[in-house]
Every structure is written in structure tokens, then in C-alpha cells.
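Chain lettering (A, B and C) follows the sequence in which the chains are written, and residue indices restart at 1 in each chain.
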């Protein structure tokens, strides 16, 4: 069994952002030399997400508005977590909707994707250095 | 390490549907000859889902109504994604709630399931040919 | 390839509960002897969840209130599933938001976690014996 472990550093200039990290993951798949296996990609911080969807800017605006409706940032006092001095309780909830991780099949040495699948980093509490873990196992 | 990769084709006659794909996945597990390992089952399209829950028709109606409440199909103009000519922005959101994938343990050559666990394909933008990926790795 | 399969038994005294199971999972990782690989941790029941977030009691209250807003327990008659004699339709929906499973990387024989990541069992229909599956594969 081969394995490869790498960390991608993220630091978004805005509070919320969606970033396509497919090229970086695909490059690590090549580097790993794994032909048949699995790749796990996960946010290592609990106010961020890794998910798969379409790289379409209108959809990304829809995600942003929709998450704000399901888990609004304000009023801050609606969340007990914000009593700790944080203002990011909503970011924990938004990340929960979007998910922490994806597991993707590697087939013939490539990400085995449908036509529109792309891997995104979802940031909901930005302007901090955070990491994404990429773990590849297989043969 | 053994591995097996197969694709299930789906094409639902209705816009939305939940289909139990456990028998097909179990058959592929047998075919793989893997006794200890993992199986990844994921939708390859970003308006569809693979998830695990109960095979109970009332619950399936509840899922459908609930998703329509959290991410309504109409009005179409509420979603920027629909400005591209699509009418399926809500399907992207519904699939996000339900999840893209499941990872299931294989133990003694079988899906290691609790008493009510069943694998479902969730379609939220049907009447198109789409694929589900089944990837099995282990020994 | 090495593997290890274990089951954690849960039985919460309350209807809903969040329980940190990181120590148990970390102990099983040690027991497995796996240095590089993956661990799958999943609820085996469809009204419970396994997820990763912060071990902060205020946040846990926020999760509880938020889930009750997105998928309220009452009125019971709003859910077709409850016509079967169950009263737990909302628990199926809450578990869907929180997720069935997590997959965590094992690196150098340890859970490869960010600074605040902890694994939780989420119970939404308690006072019953239920199991959590821990499956470790790697080398």
C-alpha cells in the first residue's frame, strides 16, 4: 500500500469564500503514484468545509445566500457559542451543512469524477491561516 | 490490496426520486472478493446524492417535503444559478443537505450495516442519465 | 494491509445528546497498529450521527436549538413517518444535517487532526442501545 499526506494552507482575505482546490489535489494524486485507491480531502478547522459541486459563480452566490438564511451570522447574541468571545457560531453551522470532507475514488491514476465535479474549500470564518488535509492511499 | 470500480447508471422518470441501491452495491461487494476494507459509493453528478437511511415510504415523503421547504424549487428567479438557463439551482442545494457520498465498512466480506441501514440514490433533477460510482478497496 | 473493526455501544439517558468519542477512537487507532491509513467512524443507526466539530458546550446548545428549528420534533403529525407509530421522524432529518460518518486520516500512527477537531456521537432518538462502527485500514 502506498500513501501520501500533504497539507494545503489557506488564508482567505474575506470572511466567506469558496475556492476551487481541484488542481492542487490532482497534482498530489500524480505525485503519489497511486493508480487505484482513495483520496480523503478534509478541512482541518471546524469553521471551514471541503465539498464537491459545480464551479459556477451564480451557484456560489446562491450557496452563500442560502447558508446565511439557514444559519444567519446576526444577531450574534442568538448563539451561546458567541458568549465565549467568538463571533463565528454561524460558521460552525454553515460548515456542518456543507460538510467537512470528501472521499474521491482514484482510478487509473486519476480523480474518478463525473463531468461537473470539482473540489471546493469553503471558508466561513476567514482571514486566518487554516489547513486542508489531503490523504491518498492505494496502489 | 484488491480493488473494484463499477458504475451504476440511473435515469429516473420523475424530477425527484429516492432509489434503494443496496442490492447492487452488495452484489459488487461479493464480486470484488474483498473481505476487509471500505466501499465508497458516490453520485457522480452534482444534483444527485447517495446517502444512508431507512427504507420507509413515509419517511421518503418527509424527506421530499422537508428538502422542498429548506431549498424550494420556485420561484426560479430567486437563484442566480438559474440565470444560466438552468432551472435546477435548488437541486444543487438539496443534494448538499443529503450528501454526495457514503463510505461503508466491509467486514467478513459483507456491508457492515446496522439493522436499518440502506443505501439510497437521491435524484433531485431527474430525467437524465447519470452515474453512481462504487469503489471497493481492501483485502 | 492491516485492519481493525470495533463497535462502541451507546445508550444515552436523554432523547438528544452529543458525546465526545475521540478518546475511544484514538485508543482503537493505537490498538490497530496502523501508521498510515484511514479510519471510518459511523453511526449504525439512522437516527444518530457521527460528526467532527468543537468540544464547546455553548456550541452544542446552539446545534441543538438550530436542529430543532430546521427539523422540529412537533407537531408529530407533520411527518408521514410518524404514522407508522414512531415519533422520531425529526431524528432522521436531524441526523441527515449532522451526517452519518466521518473519515479521518491516520498519519504516523495518530488521528491527523486540526487543533479543534473532535469526534462526536450525536443522538437524536435516545434511550436505546445503539452502536458506532470504527473501521481502521492501512499499514
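Criterion: a residue touches a chain if its C-beta (ideal position, glycine included) is under 8 Å from a C-beta of that chain, and two chains touch if they have at least 3 such contacts.
The structure presented is a predicted model; accordingly, all values stated were derived computationally and were not measured.
**Q** With touch defined as above, tell me whether subunit A and subunit C contact each other through largely the same residue numbers, more than half shared, or through different ones.
**A** different
**Q** Report, in degrees rounded to the nearest 5, the angle of the rotation taking subunit A onto subunit B when the C-alpha atoms are fitted.
**A** A turn of 120 degrees brings the C-alpha atoms of subunit A onto subunit B.
**Q** How many angstrom between the C-alpha centroids of subunit C and subunit A?
**A** The computed centroid separation for subunit A versus subunit C comes out at 20 Å.
**Q** Can you list every residue of subunit C that touches 2 or more other chains, as numbers and ranges?
**A** In subunit C, residues 1, 38, 70, 97, 99, 103, 137 touch at least two other chains, as defined above.
**Q** For subunit A, which residues count as touching subunit B in their complex?
**A** Per the touch definition, subunit A meets subunit B at residues 1, 36-38, 51-54, 56-59, 61-63, 66, 70, 97-99, 102-105, 107, 112-117, 137-139.
**Q** Can you check the complex and tell me which residues of subunit A touch subunit C?
**A** Residue list for subunit A touching subunit C: 1, 3, 5, 38, 40, 42-46, 70-71, 79-84, 89, 92-93, 96-97, 99-101, 103, 130-131, 133, 135, 137.
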